[in-house]
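Structure in C-alpha cells, see below.
Chain nomenclature is as follows: A, B, C and D, assigned in order of appearance, with residue numbering initiated at 1 for each chain independently.
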C-alpha cells in the first residue's frame, strides 16, 4: 500500500484526528503555571498530558524520542525562564540540549513544529494555556506523526 | 505483584462536576496491579484520609495513587497519611485531575478520558517507585564568617546573639574592613568610626565570637551542617596572647618608610604597626616585607622595647582545623585599579585621588588630621572636581559593565562636607545620571545642590591635564549647555568602580559556590533567596554578592544571619530523598555530571572492582553527596552511560509515564 | 616510516619504558590490518605494519589497555591523537599509563575505493609523496592517495597532533581548506521531505551490528545504554521500525560535544551508511551556536553541553536558523 | 543622495544604541569649539536619523580623526567612525570633493607638515 494513501493517514477524517501531546513541565515554574491556568479556568485542549519533572534539565532526549516512538504526535518541554531556574542553571543546559536535539530532528526531516521548548513561569497561567492551545493547533494541522515511527518502513 | 490502591477525589463538584469520577475509579480498577479503586467526595478530609489508611492496612497496599488536586496542594497530606499506616510516603503518587483536567475542560467525556490517562500514568509510575528515606545528617552548631568588614561583623553578632558560636576569619590584622576607612556615612553624616567601632568591640567581647585576624581559609571540605575548614593563621611575629596593644613598638621601630596601606599609601607607617587606634584585635603586626630583623637579622628594637615580651621573630604560619555547620561569605569589595584610565591623570598627579583616598584625606585620624589638603603641596584646594562613573557602566574592556551603586551618594556626601567645612571651595560634580534610590537619598542629593551649592553638571570629563603650575586642567562636556568646559582644578576626585575583593574567587572555588562573570557570588535565587548561595550551607553577606551601601549591607548581613540561625537551630538536617545516585557499575568516571552540577554535590572516588580472571580493576566513579544534592537531575542527562539516575523521578518512572500517556 | 616506528617501539620496550605496544598488525590480506598489542620485539618484527591501510584509530583500545600493569606505547595519527586527548580529558585513560607517539599521516587508503577503481588482488602497497604504488596479482598499479582515500580522510581537519610524548616524522599543520561541513550543508539545503527520504534511505539499511558504536572512541561506556536492560532503550534487534532511528539519534547525541569527528563510524559501517553526517551536524551546530569547539583540542575548555551562556540561542529559533528550509 | 541611517551604521560599524549619553566624547574632543555639532550630538543625530543635517554641516570636516572619542568612550560607541562615515558618504557624491589639487598651494605654508596635506587630501576627496 502506498504510504500516503488517504485511508492510512486519515485525510478526509481530519476532524476526527486528536493528537497525543506530551508536555514535560518543571515542578517549580511551568507545572505551577499549568496549575494557575487551572485555577484561573483557562481552557486548553485535553490532548495535552503533563508529566511533572523536577527541572526541565531532567528531561532526557530519550524521553522525547520515546514519546514519539510510542505514538506521540507532539512533545513540548516547559521550564522556568532562563535565569530563573530554581536550580540556578538547569534550564540553560536544557536549552542547549534541546537546541541540538531539535536541530537534529529537523535535519532528519521530522517536522520541527512537533517539538517545542517554552519558558513558562509560575505566574504565566495564561501563557501556559495559550501555548498549549497553539501547540495543539499546530500539531493537529500537521496530522499524525509518522516520520518517527516509519523511518525504516521500506514501502 | 505490588498491590496498588487508587483513590479518586470528587473535590465536591470541583472534579466530579466535569469528570465522571466513578467511571474513572472503575476504569483504573481494572488495570493490572490495582487492588482497590474507590472514589470519595473529599479525599483530603479526615474521613477521606481514613479511607486511604484503612485500605493500605486491610489490602496491604504497596502503592497509592490519588487522583485529586495538584500535588503542590496535598501531596504532603497524603504522604503523611500513608506514612502513618507504615507505607513509605514516597510510594504515593498524585494524578492531577483538578487543576490540569476538570478545571480546564468542559466536555465531560473528554475530561473523564483524560483523568483515566493521567491516573494510568500515575499508576505506572508508582509501580516503579522505590521506598525512599530522607537522609539525616547532624548539624555542627558553629558558624564561620569569612571577612570581618561591616557585613561579617553584623552577621557574626546576630548569630552570636542567637546563642551560636561564630568564628570570623579576616585576612587583615584587624576587623573593620572598608567601613573603618570611611570618614562620614550618608545620608545621616554620622561618623563611620562612631558607629562601627562599638560593633567591633562587641565582637571582641562577645564570648561566642572568636576572631581569627590576619588569617585565611585554606581548605574546605564537607557539606551543609558538616563543613571542615582549615584556617591558615599567617605569622604576624607577635604573640597575640601577650601583646597589650600599647603601641610602644610602633613608635620605636626605625623603619619609617613603609607606605601606610590603611591610609592607602598617602602617608607612611613603621614596619611593626597597628593599622588604626581602634583596631580589633589591638595587636601589633610585623610587616615581613619591610622588617630589617626579618629580612637581614639586623635590628630587634621592637623586641627590646616590648614590655610584654610578645615579639616572636621565629613565628610561623599555623593551621587550625575547625568544623562548622554554616559558612558565610562576607569578602566585600575594593575600588578597581585606575591604572588603565590614563585620561584622568591618576598616577600622574598626586592631586588626582580616588574617593576612598579622599575619605582618608578628610578623616580626623587620616594623614592630614582631617584637614583637606592637596597631597602634592599640602595647600587648601579651592576648586574640587568630582568625576562619576570612573570604570562603572563601562564596556570599554577597562572597567565594569555594572553600576557601582554607591558612588552617587558618597560623592554627594563628599561634596557637601567640603562645602560645609570650606565654603570658599567651589565643588563641581560631573555625572552621567544621579542615581539616588534609597530612603532619604534623593533628599540628601538635593540638599547638596540646593543648600550647599554644589555644581552638578551633566556630562563626563574627557581629560585631566596636570599643568606645570601644579593645577589641573579639566576638560569636560556640559551636555545641558552644549558646551565644552575647561576648568582649572586643585583637586580631582575619581569615583572608581567597585569590584569584588580578589580573595573571593579562590574562596568560591574552595566553597564550590558559584560566581557571576564579574566575580560576585551568585544567589540561590535572585529574588527569593538573595542571601543564600546555590551551595547548601553557604550564605552571602554584603558586597561580595553585589555593590551595596552600608544600610543594605547591614540588612543583608542580618538576613544571612537569620538563615544561618535557622540552619543551626536544627539538630539534624533531613534531606530531600529525591536525589541523584550513581550506579558505579555503569559509571565511566568521565566528569560530565560533575561539570553540570550546580551544587558541587558530585565527587569522584577510585574504587576497586572485580575484573576478569580474579583481577582487581581500579576505576574512577562518581559519588553523590545526598546531603548536598538538590535533585534537579541535570547530571542524569549529562551522563552518557545512564549511570546517574534520580530517586523519585527515575528514567524508568518517567518513561513508564510517557508510555502510559502515549499508548 | 614503518621501520622507524618499529625500531622506536623496540627501543622503548628494551629500555623498559613501556611493556606493550599498541599498533597495527598485518592480516591475511595486505589491506586487512588489525589493531594489536605487541609484547615483544619478536612480535613487532613479525607482525607490525604501518601501511596506507592503517586507518584504524587506536585510542579507544587504551581505555582497557591502560588499566593493565605497566605503561603502553601507542602510535597515534593526528586525528587519533584528538580522540586520545578527549579520552584523557574525560578521565577514561590515565595519561601516565600511556606513552603516546605521534606519527605523520597524509591520508589513509580505502580498500573498497581501490576496488571500485578496478584495482583488485592487492599484495603490497607503498605510499610516497602522495602517490600510492600497489603491487597486485595483475601487476603494478599507481594511483594518487587522494583518489582512494577513506571517507574520513577526505575531510581531514588537521595534521597536527595533540598530547603526544614524542613525534615520529614531521608535524603537520591544520588543514586550512577543510570542507567537512559541505556534505551536511547539502543535506540542510534539501526540503524536509527530501531530508526525510534521504535519511530513510540511509538509516533503513542499518542492520544494528553495533560496529559504529564498538569502534567509536567516544563510546567507551562501561555498559552501553543499548546493552543495559534497565535503560529502557536496550535491544539488539529492532522491536519496531523506529528503533533504528532512535539508536542513531541517541548515539549521536551521547557523543555530541565529545565526538572528535574521527570518522571511524563511517569507516567501519558494513552498510556504508554515512554516519558521520549525524555527528558532524552536531559539531556544525555547536560551532555555529556556541562558537568553534573541537573535542580533544585542549584539556580545559568545557564541553558545549556541560556549559552555557545566558544569551544562548533558543531551541525554536536555532532550528529555524540551522534548517534553512 | 544622502545615505540612510542604516547605511551610515553599516559603513561605520557603529551601534548608536550603546550610547548612554555621558558626553565623555565631547568632553575630550580637541576640535569641540570648531564644530557645530559635537561628537555626542553626532551619535544622537544618527540614532534619530537626522543624517541630512549632519551631511550639510561643516562639522564633518572639523573632526581631526584623532580618535580620542573612540578611545575614551566607556561604551565602545566610536563616534569618530560615524563622522567618518558621513564624511565619506558626502565626498563620494559626484563633484563633492572637499579639496581639489588647485586648493593646495593656497593652504600650504612652510610650517604645515607635508603629511597633513596628504592626509587631508585623502580624507577630503574621493
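Convention: a residue touches a chain if its C-beta (ideal position, glycine included) is under 8 Å from a C-beta of that chain, and two chains touch if they have at least 3 such contacts.
Because the structure is a prediction, the values reported are computed rather than measured.
Enquirer: From the Cα centroids, identify the chain that ends up most central relative to all protein Cα atoms.
Expert: Most central by this criterion: B.
Enquirer: Could you tell me which pair, A-C or B-D, is linked by more C-beta pairs in contact?
Expert: Looking at contacts between chains, A-C has the larger number.
Enquirer: When the centre of a chain is set as the mean of its C-alpha atoms, what distance in Å lies between subunit B and subunit D?
Expert: Whole-Å distance between the two chain centres: 48.
Enquirer: How many angstrom between the C-alpha centroids of subunit D and subunit A?
Expert: Spacing between the chain centres: roughly 54 Å.
Enquirer: Could you put a whole-Å number on the gap between the CA centroids of subunit A and subunit B?
Expert: A distance of 37 Å separates the two centres.
Enquirer: By the touch rule stated above, which residues of subunit D touch at least two different other chains?
Expert: none
Enquirer: Name the residues of subunit B that each touch 2 or more other chains.
Expert: Expected reply: 596, 638, 651, 655.
Enquirer: Taking each residue of subunit A in turn, which ones touch at least two of the other chains?
Expert: 61-62, 66, 83, 89, 93, 97
Enquirer: Which chains are in touch, pair by pair?
Expert: Pairs satisfying the touch definition: A-B, A-C, B-C, B-D.
Enquirer: Considering only the defined contacts, which subunit B positions touch subunit D in the complex?
Expert: 343, 389, 393-397, 399, 430, 432, 458-463, 475-479, 482, 484-485
Enquirer: Under the definition above, what is the set of subunit A residues touching subunit C in their complex?
Expert: These residues of subunit A touch subunit C: 61-62, 65-66, 68-69, 82-83, 89, 92-93, 95-112, 115-117, 147-154.
Enquirer: If you look only at subunit C, which of its residues touch subunit A in the complex?
Expert: Interface residues on subunit C, with respect to subunit A: 187-188, 190, 192-200, 203-204, 206, 232-233, 238, 240-246, 249-250, 252-253, 256, 278, 281-282, 285-286, 289-290, 304-310, 312-316, 318-320, 322-323, 325.
Enquirer: Under the definition above, what is the set of subunit D residues touching subunit B in their complex?
Expert: Where subunit D meets subunit B, its residues are 18, 20-29, 32-33, 38, 40-41, 68, 71-76.
Enquirer: Looking at the complex, which residues from subunit C come into contact with subunit B?
Expert: Interface residues on subunit C, with respect to subunit B: 67, 90-92, 220-225, 228, 230-232, 254-255, 258, 302-303, 305-307.
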